[in-house]
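There are two complexes below, and they share subunit A, which is joined by subunit B in the first and by subunit C in the second.
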Partner chain A sequence: MKEIIGLFAQYLSQYFKTRFAYRADFLGEMVSNLVSELINLVFILVVFQHVPFLNEWNRDEIIFIYGFFLVPYALFSMFFSFWDFNERYIIKGEMDRILTRPLHNLAQVCLESIAPDRIFGVITGLIIMGYAAVRLKLDFAWYDLPIFIGLVLSSALIYGGVYTAIAAISFFSDSRTGIAPMIYNIQNYGRYPVDVYNKLIRFVLTWILPFAFVGVYPAAYLLGKKTLYGYAMLTPLMGIVFFGIGLAIWNWGVNKYQGAGS
Partner chain B sequence: MIKIQNLQKEFRIHQARSGLAGAFRDLFRREYKTVKAVDDVSFEVAEGEIFALIGENGAGKSTTIKMMTGILTPSGGEMQINGYVPYKQREEYVRSIGVVFGQRSQLWWDLSPLESFRLLRSVYKVDELQGQRWLERLIEELDIGSFVSQPVRKLSLGQRMRCEIAASLIHKPKLLFLDEPTVGLDVLVKQKIREFLRNLNETENMTILLTTHDVSDIEALCKRVLVMDKGKLIFDGQLHDLKETWGNGTEVVFQFKQRTTIEQLQAALAELPCELLRENEYAIRVRIVQNHEMLPYVLSTVMTAFEVSDVKIMETSTEEIVRNIYSAPVEVSHYG
Partner chain C sequence: MGKMYAELIRMRFLTMLAYRVNYYSGIIIYAINIGAYYFLWGAIYGGQQQMAGLSAGQMTAYVAIAWMSRAFYFNNIDQEIAQEVRDGRVAIEMIRPYNYLSVKTAQALGEGIFRMLFFAIPGMILISFLIPFHFPASLQAWGLYLLSLLFAFVINTEINLLTGVITFFLFRNEGMMRSKRVVVDLLSGLILPISFFPGWAQTVMGFLPFQAINYYPSVIFTGAVSEARALQMIALQIVWVLVILIPITVLWQQARRKMIVQGG
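== the complex of A and B ==
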């Protein structure tokens, strides 16, 4: 694990080196990233101006949840951005090269497709949370910061686990499976308070595809919603469990790949 | 070093039925056909050998290499390389091997090879100081110093290929796999790469396995050749044995200063088992069947007896041999 973190720093510095190689391109992308995040921000604030209360949640709380959701989501999409996994690694056979290197193959795939520019999402998320927190006059204790970080990391792990499991489908199917649309579709559900959904969907979002744990539940802790504290505290456990499941499916897929080849 | 016994690899291939109705039936019940890509292959390789694995497309070369590099799990047989079972102890095993897939790059497209080397060095956890010295040697011997800090996308194929080889050797492996390393390269670059590989083999006692379609690679590098066909190993032995068994012998064309008849030449060559063919009035083609040591004898005999203006020696190229093998019915033969 320490090894992977060390390598991560190296890959990151290489990434920036390649980006700096195209100076104009880099600056342009940076500006466009900032602008798009800004538009996103304005859009969210405007849209939520028109949202009335949803069950027991007021508007600013919903904005806060959305802001929280953006933070783990940005982290997740920075590390797990192998949208083209099937195309690049399975069909083009890059997986062969990965398998001839002495590092866990998932770590290699993550590192190779790392997208550090997604980090801007964290900033947007923090701004939105800050805005909502001020309007809600929320008080935070010093220990809320480490808890916040822990919750964010756990949420990112949940996403990572589900994503990894879905990407691993490529190992089993010999057709071009588009994993990207699947992810795009389900990732949206975590952004809103689960109470707005019916019981069944709520159950699914809590225990099957636990996207409630990337938005509502952990944000509920910061919002001081005592009734949901239990769920909030479950977040790290869910993160570890779901990432573990994702990893297990991935490893199973790699074994299968080794058996079948391309 | 390398020990392979009864290695097998079967693939289950989905047989698609034809037509829409067939496709619909495929949804429910699929028919599979089992294909033996590698069928009962056994061989052993000692440390420090350079050997080539040749065969037509689809002969099972790539599958064999993929099993040997730990990418694929064999469906049967035993395999031990560098003291590891590749598919079982993959992450430990791959530290001891280097792999170059000619068609695939291990360098980062936008980075300079030097940066890629550095990254790979930390992937392989190479000792800083020793690694640096080794890298300097690689750069010098492959003669890549002048462009090693340019981005890969700006390099020519020949330059890139040499960098690929350096990248695969960054951790000083004991065994190097080269899968068609010289495809599309010009003669000079090929030569450089061959020289480098030979040197590496001599100084580091590195074992090198080559698959190639380019027969001149084999002639320049390998003593031992393995030939695969339809998943089976059909020849395992020395290159010159291969030539003797499958070659058409050597041909020499003599250009004489005076008109010479076949009978005159036949008389001079006496009992030597040669076939004589008339090229034109002044030239005769002598076909020496198989035996190599006869060539100097034939040459000196003819040169002393006649006035010769030109001699052309035409050995059966390995290419022809390979063609002969491919077109011949499968027959397993083991030499040396």
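== the complex of A and C ==
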């Protein structure tokens, strides 16, 4: 673990060196992250000019959920940004190199493709949450802070697990599957209360691709929505289970992996 | 000359066809997005019959057609140009006896036609089974929609050419291209119809070309605007097509003079 942290610092400094070679582009990318985070906020703000409630939820609650969602999502996209895993590691044969490294291969892949600029999403999320919390006059106890951190980490693990499992598909089939962008789009559903959707989608978002545990459920705890406390408390368990499944599929895939053709 | 561009359109179409399996997942992605917004708008409308000039039923049609129109007008030629500038291939492209930007446009059209046939049309049929949905009633309404969709394609392609040409000056502008994509999705009316925005925002957007990319064709499709208003929208689209040509021409002139081939 200590080794990973040391390497993390090394990769971080490498990352900034390469990024600062093209400063304007680096800045542009940060702006683009911010813009895409704010666009959903604009959607919420505009829609709530026309309606007071979305099912049982008011404007500030929806904003709070969205702000919460951004925090684990930013952590996830910082550490798991190998969107092009199939192309970069399997088709080009880079995975063979990874396997000769002493570090666990998933950690190695994560570190190589790390995207530290995504960390700003955490700040954006906290600001949005703070704004909503003030307007809702939410009261937090001291223990809510560790609970919040625990919930955020668990949520990020859920994403990480699902994503790792999908990336691992590349070990079994080296053709492009297009599943990753599909899952990426499904995460859009997690930003809003699941009671918006029909029973089937709600079930999928809770138990199969549990993205509701990245937004509504944990945020419901902080919002004091007692009816959803049960789900909120399940978040850490879901995080561990789904990351465990993802890792298991990954390890299985690595064992089955036969190397690149060339 | 025309024959050559027709051939370019055909070539791109065939290239896309060869890799069509990659795009089947695309149909599902669009279905996922349409589904998400369908339910979301259902909850937003709640019991309300009418919001911002659209009935609940028209809103359903809007969500579906907005995404399906995007399948036609969307392309990545700005990123293709950026890639070719970065790896130096653009030097070869520029000594060939054709206009580079027109070639890119032709390729974009080939891609658009492919997505229309293999993506939007099957997707639309699929969706009409899943969610309650009304197609335009008359042939005339269809004609107006398709005409405005064609102009939407031209405007979006022009904006992509513009951002692509900027690579000649900045060398790397992925960040800008990505922001452009999300901003276009919002301001074009894909995510929510322009009529939902507050008055001042609508006034500002009136001075921008983005709503001509999606809002105009989509709202024409839903039948929420009169025929006279639809024709007015198409006229505005034509104006934008011509206006955006000016900065493209100017920047392109500059770019050719200023070009530095990296790598090559």
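Following the convention adopted for this analysis, the second predicted complex is superposed on the first by the 220 of 262 C-alpha atoms of A that agree within 3 Å, B and C clash if a C-alpha of one lies under 4 Å from a C-alpha of the other, contacts with A are read in each partner's own complex, and residues count from 1 in each chain.
The rule is simple: a residue touches a chain if its C-beta (ideal position, glycine included) is under 8 Å from a C-beta of that chain, and two chains touch if they have at least 3 such contacts.
Everything numeric here is computed off the predicted structure, so don't read it as measured data.
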First, second, both or neither for A:L237, with subunit B first and subunit C second: neither
Contacts of A:V134 with subunit B and subunit C, given as first, second, both or neither: neither
First (subunit B), second (subunit C), both or neither touched by A:N198: second
Most subunit A residues touched (candidates subunit B, subunit C): C
First (subunit B), second (subunit C), both or neither touched by A:L145: neither
Touching partner for A:I119 - first (subunit B), second (subunit C), both, neither: neither
Set intersection of subunit A contacts, subunit C complex versus subunit B complex: none
Residues on subunit C engaged by subunit A in the complex (per definition of touch): 21-22, 24-26, 28-29, 32-33, 35-36, 39-40, 42-44, 46, 48, 51-52, 170-176, 178-179, 182-183, 185-186, 191-192, 196-198
Of all residues in subunit B, those that touch subunit A in their complex: 11-12, 14, 63, 66, 69-73, 75, 87, 90-92, 94-95, 97, 99, 101, 104, 106, 108, 110-111, 115, 118-119, 122-125, 151
Sites on subunit A touched by subunit C in the complex: 22, 24-32, 35-36, 39, 42-43, 46-47, 49-51, 53-55, 175-179, 181-182, 185-186, 188-189, 192, 196-198, 201
Subunit B partner contacts - residues on subunit A that touch it in the complex: 3, 6-7, 10-11, 14, 17-18, 21, 93-94, 96-97, 99-104, 174, 255, 258-261
